[in-house]
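Below: a set of structures, written as structure tokens.
Two complexes follow with chain A in common, the first pairing it with chain B and the second with chain C.
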Partner chain A sequence: MIDRLADPTSASWYEASARARIDGLLDAGGFREFVGPEQRRMSPHLPLFDLPRAFDDGMVVGEGILDGRPVLVAAQEGRFMGGAFGEVHGAKLVGLLRAARQRKPAAVLILFDTGGVRLQEANAGETAIAEVMRAIAEVRALGVPVIGLIGGRAGAYGGGGLIAGTCSRLAVSESGRISVSGPEVIETNRGAEEFDSRDRALVWRTMGGKHRRLTGGADAFADDTVAAFRAAALNLIGRAPAFDLATLEAEQARLEQRLARFGDCREATEIWSRLGVNDPAAVPATTASAFDALLSGLGETTHDAR
Partner chain B sequence: MNEWRRERAAREARIEAGRAQVEGKAEGKVVPADRVVALLEAILRPGDRVCLEGDNQKQADCLARGLVQCDPARVHDLHMVQSGVVLPEHLDVFETGIARRLDYSYSGPQGARIARMLYGGQIELGAVHTYLELFARYFVDLTPNVALIAGVSADRDGNLYTGPNTEDTPTVVEATAFKNGVVVAQVNEIVDRVPRVDIPGDRIDFVVEADKPFYVEPLFTRDPAAMTETQILIAMMAIKGIYAEYGVRRLNHGIGFGTAAIELLLPTYGERLGLKGEIATHWALNPHPTLIPAIESGWVRQVHCFGSEVGMDRYIRERPDIFFTGADGSLRSNRAFCQTAGLYACDMFIGATLQIDLAGHSSTVTQSRVAGFGGAPNMGSDPHGRRHPSDTWMKAGREAGGVGDPSLMRGRKLVVQLVETFGDGLVPTFVERLDAMELARKIGLELAPVMIYGDDVTHIVTEEGIANLLLCRDADEREQAIRGVAGYTEIGRGRDRAKVEELRGRGIIRRPEDLGIEPLDADRSLLAARSIKDLVHWSGGLYEPPAKFRNW
Partner chain C sequence: MTLAEILDSLFPDGHTVAVADGIVSGDGPFRGGRLAVIGVDGGTPLGIEGACRLSGLVLDVVRRGGGTPILVAVDSGSQRMSRRDELLGLNEYLAHLAKTLLLADAQGHATIGLVYGHSAAGAFIATALATRVLAGLPGANPTVMDLPSVARVTKLPLDRLEAMAKDTPVFAPGLDNMVQTGAVHAVLDPGQPLAPQIAALMDDRSDADIRDRLGAERGGRPVAGDIADRVMREAGLG
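Here is the complex of A and B:
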């Protein structure tokens, strides 16, 4: 083997596979996978469509240690069917969250990388989304924070975007995207004048990590490295909100306020401008450290409303 | 009237008719955009040969819209002679009868429609040319009567600044203006003084201020984020098994992901092999964004360009030691010269294709599309007119089996096809019979549109290995060498195993392990840039990628 060029501490989260993300995120050597690929629990539906299957159905779940404390982890493999939720894929995440009710880990980490529900097994996928959201509510109610990490190629779209909305805290990188309807879906339904899906700068301004962080849709902004996501996860576990009526009411109030304040904006840059960003057009090109400095100057981007 | 000056007199009559149409509205040679149709109807004659400048990047789109609106009763049966048939308007003129006959080179996005129109008899086709052939015929038997061209700016005397995308313009104007033709240029703006004079004003008869800037297509941007490990493996084999072995310094790259991967491996994998300064120093190449890391790490000595690339202008301006730039600082490209450079002054062409047959003929034609030719056929051919030696050229010549007195030996240009055994949608790259042949039969072409002929191809590189066709001594060996790298395609599975092993023993076929390459090392972490944003960083913020390539 020749030496790898990439320094492991600076390895890209965006580039990494689901397993490589888990490897770099957790303390070394402590990960134990549940229903691993050797068990070959594959999709029962894909063969009907003559589509290839994956031994892990694109979802890796298990337990491990993060900075000395036990955590449960789920990671979606965005390179298999765009990380989409199918029956087995979804059931593994539901099972992990149900296990969290008994085990009470320090946190459950969900490494999103998904375009949403797999069309070939849509009913099972949609059901899984609903079950996951219910299970997250139950886990959070028991005081276990559920942290979402979003920086993969597929982002967190469709049901993945909904699930992200139920997490205690979210960390996102610049290339991470969070939304429900994807750019192509919006364009197909409302036309290119409404949303030009090929204008990728527009897509990222509207759904990308920086925008989500600026508007408080995500709670931490991470550089695109595995190390940065580990640091963000540790930080977010420490400041997860309580899951009670007061939190939910505050969230509702903030969402209403957001709508009143930005509802007439036609462009993300208008929102940023109203937030107090002096040079909105320069935001997409800023580095992570400059962006952090910008955030600290705004002082109102940390709240629980998504 | 002197009978030797009939063309000159005709030209003067056209210009006079054109001026009459814009009387009182023109300032110097400048014609307002709303008089384009009247101007064209006045200067065009039925049956004229017309070049409506369409390159593979830059388009005279305002003039194209004007031509389509001309009255077919006045302007008809034109013979279009242009390298690119790219805009819908380029074909609309055939539907209304404004144009009838076509000689061209490249039709990329209009490939499917052109095939239908040829089949339906709406277009009378002369031939599909390589660029240099068409340019050559401009000076022999396809000289335009009228050229409709595009530039960035002009002054009132018609001095023209073509900007970084000069492309075909000087060639088209040369042929038209010096043989009694009429030249109309559309420009984005009229200025008091152009940044530099690319075309002197006395070759331009009318200047139209376009309603919007001419369209340029980003054709040469490959997003590193989309590069696969298979492409990286193929690129590693090419660098180690071909670039290093033949010491290839002067070269042209195609526009595929495989060659883009090579560009991104030079500063990493190439550096580790100790090849810096030994390979890939002098280029005939468009300003590929993926070449930025190699340029920034000192691999590249100079690059001459056919055209430019969207977003690269500022970077090029700041790297005049590498690129050809004008006194104003911006890129000067020239398709005819760069094609000539690629043909005669480069020792290697390397690029991808869609189909390869058992003789090594390749084509990018599918049954329903006539995409025409890009730069590949000129550069991917062995120029028999070449006389200057180089180590690379001579080594390839020796491998091809030159006999007799060495001083009478001829070298060979390396023509390398870089392909995955299965292309998009798992369509096999290797085929028994090219779709181009079926298409030619269907629409009655005398010649099948072959991109690169088998006898010009020297190497085929796939994820399974390298086939060196120079070392093959007969047709059977060539066929087995091709089958031997064709993987799990029908062609690959039809190989004679014993023969393929024998070829491998003779070094005609080389597997990754024969080259000391471990396929598992073909990892994206080897790429000097893994995203468009990385390229922006490499360029020090000078590269400004178009919105469709951004993810920030």
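Here is the complex of A and C:
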């Protein structure tokens, strides 16, 4: 696995490993990992299923410097079991967030790349997700922004989608997908007429980065480069909302409005059209800069309480 | 127990709790004040409308202040699995519901979950698992995923999974396994009045999240607490 990037400006976030993303995201040389792979704290449960383990259980946590300021950072490795939450994987993130309560860093960065709960450790993973969400609320209440970055191959699905919705701010790329039930899960439960999981364009339109950004489910749209995610993270840290009654009242209003305005839509393009996008069919192919120009002409996306 | 039996036991002098479209809301007298009740009944899957209603109800309680405790009673399906729910951002609606419960707790409203039937996956995380103390009633069946689905995903034979589930609480469905994992704090006695049992759990609640500690003590989650502590130590804390 490539853990260093030759050139973060052009290196693809999607293609990079968890460690390479951290390496390119933070200031050079400052990352220190907690409970690193040399400690071999692996899953105690996967051998029961005759499955291979990873020395880091697919989760990298530690501290580093971002633009001169101390941050805590967690990155999921989507190439190990789809970045799924197992017992050790989840506990490392819980520990990092608990550390953030005391350390009060400039931000906590979570680099999502997950299909959700690891079924072989389902109860531990599910409970860890609940612990993570509580810890994020506590960290945010202390005034520390928790920024989610979503652009990995596994997206942010299942409990990962719920954790993402708990963060202060989210940056997402074209290939970043945010959702609870994945396309395959919906198809398995409801049939291909409800959701054809092989229709990749449908998946992007329904759960992808542009749709989430257009409808207020994410706060920044990034090109698929490590440098773009770094720039987005820096920008979002300064715009993090408080975690209080006023913010959640505003989010309640935002979500009620979305239901009232788009509740009868079946297709993302219908929603985009109602948002005022002139040529919805052209949205999936627009470049990041053209997409940003499009966004600045729409009011909806400034309504971003979360 | 059914929801009606639970409410009768909790509020022998009557209550205003009602169910509409599977969503539970209302309140009743409790310890000289009121106990707000929200929840999901009848195995209803939790979609964007239901989640949005529940979060609105929680915010109503928080806005009124006064420390009114909130009971979250759950007999739900999983999250509603549909293209429309995901198109409209179900993850935001479920996360928002969890956040309102976490905010209520932080602002002095004791939040207590009560699983009395089924619950699964995202619906479980957004409701019962977002409370400070989670209780279960015998016969409740919280799951992440049922064993036949686990068999499909893991490609292991169902009979082998069933055998493994007998002594491996970490992946098997059901209340006992969620107790051992530390997700469910206590199982209530349906033969005794529920109000004092709920009151005792509220009084005993810890300010810290003790679920990983419980999971280690009970053997269902052997290493999570230790890993989290070790991360904190290496961060120069604890």
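Observations on the model:
FYI, the second predicted complex is superposed on the first by the 296 of 306 C-alpha atoms of A that agree within 3 Å, B and C clash if a C-alpha of one lies under 4 Å from a C-alpha of the other, contacts with A are read in each partner's own complex, and residues count from 1 in each chain.
The criterion applied here is as follows: a contact is a pair of C-beta atoms (placed from the backbone, for glycine too) under 8 Å apart; a residue touches a chain by one contact, two chains touch by 3 or more.
Everything quoted here is computed from the prediction, not taken from an experiment.
By the document's definition of touching, of the two partners only chain B reaches A:Ser175; chain C does not.
Once the two complexes are laid over each other on the shared chain, residue contacts for A:Gly165 go to chain C alone; chain B is not touched. Partner contacting the larger number of chain A residues, of chain B and chain C: C. Contacts of A:Trp204 after superposition: chain B is touched, whereas chain C is not reached.
By the touch criterion defined above, A:Gly217 reaches chain C but does not reach chain B.
Using the contact criterion defined above for the overlaid structures, shared-chain residue A:Gly238 touches neither chain B nor chain C, since it reaches no partner.
By the touch criterion defined above, A:Glu87 lies against chain C but remains apart from chain B after alignment on the C-alpha atoms of chain A. The touching residues of chain A, counted against chain B in their complex, run 1-2, 4-6, 11-12, 14-15, 153, 174-175, 198-204, 208, 210, 284-285.
Residues of chain B touching chain A in their complex: 225, 268, 272, 518, 520-521, 523-526, 530-531, 541, 547-552. Those residues of chain A that touch chain C in the shared complex are 34-35, 41, 44-45, 48-49, 61, 63, 72, 87-88, 90-92, 94-96, 98-99, 102-103, 117, 119-131, 133-135, 137-138, 141, 156, 158-159, 161-166, 178-181, 185-186, 188-190, 194-195, 206-207, 211-212, 215-217, 243-245, 248-249, 251-252, 255-256, 258-259, 262-263, 265-268, 271, 306. Partner chain A is touched in their complex by these residues of chain C: 48-49, 52, 55-56, 59, 62-63, 79, 81-96, 98-100, 102-103, 106-107, 121-122, 124-126, 129-130, 144-145, 150, 152-154, 156, 164, 168-172, 177-178, 181-183, 209, 211-212, 215, 220-232, 234-237.
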